[in-house]
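Consider the two complexes below, in which chain A is the common component and chain B and chain C are the respective partners.
Here is the complex of A and B:
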């Protein structure tokens, strides 16, 4: 028994290499309005010429998870094929009054709140099927939130590779350094998904982290 | 502060010189507000606030708490750590267990 364990320990990396997946399923997670779908659209547009879904200023625009398979990313000779899941924003409180401030009628706001709640649960359930996570945070917001800390803690507990994306660096009050300081144990890539700023660094980090 | 200006609503304490000189808004009519009425007003405000804001009681076993149609609290920790979904209704002690999520787990 001891011999088998020793062999497994010594040659485990060979087994891993032999049985490695040729595709990685990556989830894009984060709080509402962090720019998850904007990032998914940017990645798809750059590598497939397609888009993932509609974006909006109203929180919880994405209320169902969307999967796009076979997105091949090649950077500096390294390549990785990803199945990308764009997930609804994770939140602890959803209140239809917030949507009414954007001009939605009460019925529609309530329906949106219900769908957004279902979306949060669906997003979390997707974690069981993933090989890695891109966690999108808004650089203009305080990163020490219950949502961010809970997501990072749970991804760590599942041993999933994590890459934090500090989005919206095109905005004047953005501070990606604050995100890096909050989660120093994980790589953080500052980008603007909307403007495409520093997006090449993100692709490089994706290829390194998930290949 | 039992003296309320009938024009701008500003309140002055008993014996305030402004009651004799007139309110800052120029009005010189004041309504005496008995303490009892004031307490009732505050209570009404508190009730209104508790209806519109989220509940202060910490989440327990439930994954989702439905406060009213369109207002939800999600216990992320519970949704992350358990497969089954337990929904709590606004009234304490009433829960709904989402059977499909529970049965799915059993099948694994």
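Here is the complex of A and C:
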């Protein structure tokens, strides 16, 4: 049984290549506050006129994965239809005291922390049901975090196509070059999901990578 | 003598353990305030499973999670991906309130271990 699973895992990408779907299920992953929901909202607003969910400065605002089906992106004659999954931020620790620093009362901070732990588990579970991943990193932060290393390792182990989104390039201390240097084996697209900077390059990369 | 206990687990020992056995051992030790150093680390799937189980064990009072330090996987090339097994690299795991990452680079990790609770 283990052998069959290993073979399926190793050669699954070949099967996927031969039997390509007309719709790809793409997960938006990343650490908390990287701008995942802001990006999901930007994509939906640009291509469907809708939004995915609320955003906030308090980490772990998204604590349940959200799925939006049938988002069609067309760039330079290439088109791709995506089912987009906006996942909760991945973390190895969740301390409710951190939320209290943002002014949340203790009860609410504890509830948020509990929901956040459930959200992390949900995000990890989704990895097994995806056809590709948009990994959002904050360009102003050190990219060599354990969460980024673990996500990239899991995507590589599953042979899923990956596009790294270097977000928040509108901020003065942003350094997308640092992300490129950290993960040279994967394509990196610098953008600002909030301001829409370089967003056309991202759509072009999505159409090329996931079509 | 007061201090923080470090458990250095050899590759030989890790090779003999099943994935869940490794993860359980790590979590039990870390929840007891110890730092675990794995000579050959964990596979990416094991790292994800460790995060998943950590989330289940966070009690928001005594245990708020873990800090994990490891290097990115080395690129394995086409044939390495087809026929090779992903190899973990040296990994340090500790309680989030005791182990803090100061700086992490491709080939150097600097961390701080606190004696008391952070």
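Following the convention adopted for this analysis, the second predicted complex is superposed on the first by the 193 of 211 C-alpha atoms of A that agree within 3 Å, B and C clash if a C-alpha of one lies under 4 Å from a C-alpha of the other, contacts with A are read in each partner's own complex, and residues count from 1 in each chain.
One rule holds for everything that comes next: a residue touches a chain if its C-beta (ideal position, glycine included) is under 8 Å from a C-beta of that chain, and two chains touch if they have at least 3 such contacts.
Just so you know, these numbers come straight off a predicted model, no measurement behind them.
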Clash-or-fit label for the pair chain B, chain C on chain A: clash
After superposing on the shared chain, does chain C or chain B touch more chain A residues? C
A:110 contacts which: chain B (first), chain C (second), both, neither? both
Considering only the touch criterion stated at the top, classify A:156 as touching first (chain B), second (chain C), both, or neither. second
Could you tell me if A:183 is touching chain B, chain C, both of them or neither one (first, second, both, neither)? second
Of all the chain A residues, which ones make contact with chain B and with chain C? 90-96, 110, 113-114, 117, 120-121, 124, 127, 146, 150, 154
For chain C, which residues are in contact with chain A within the complex? 43-45, 47-48, 51-52, 54-56, 58, 60, 64-73, 75, 81-83, 86, 96-97, 101, 103-106
Within their complex, chain B touches chain A through residues 52, 54, 63-64, 69-77, 79-81, 85
Of all residues in chain A, which touch chain C in the complex? 10-11, 90-96, 110, 113-114, 117-118, 120-121, 124, 127, 142, 144-146, 149-150, 152-154, 156-157, 159, 182-183, 185
Hey, which residues of chain A end up touching chain B in the complex? 90-97, 106, 109-110, 113-114, 117, 120-121, 124, 127, 146-147, 150-151, 154
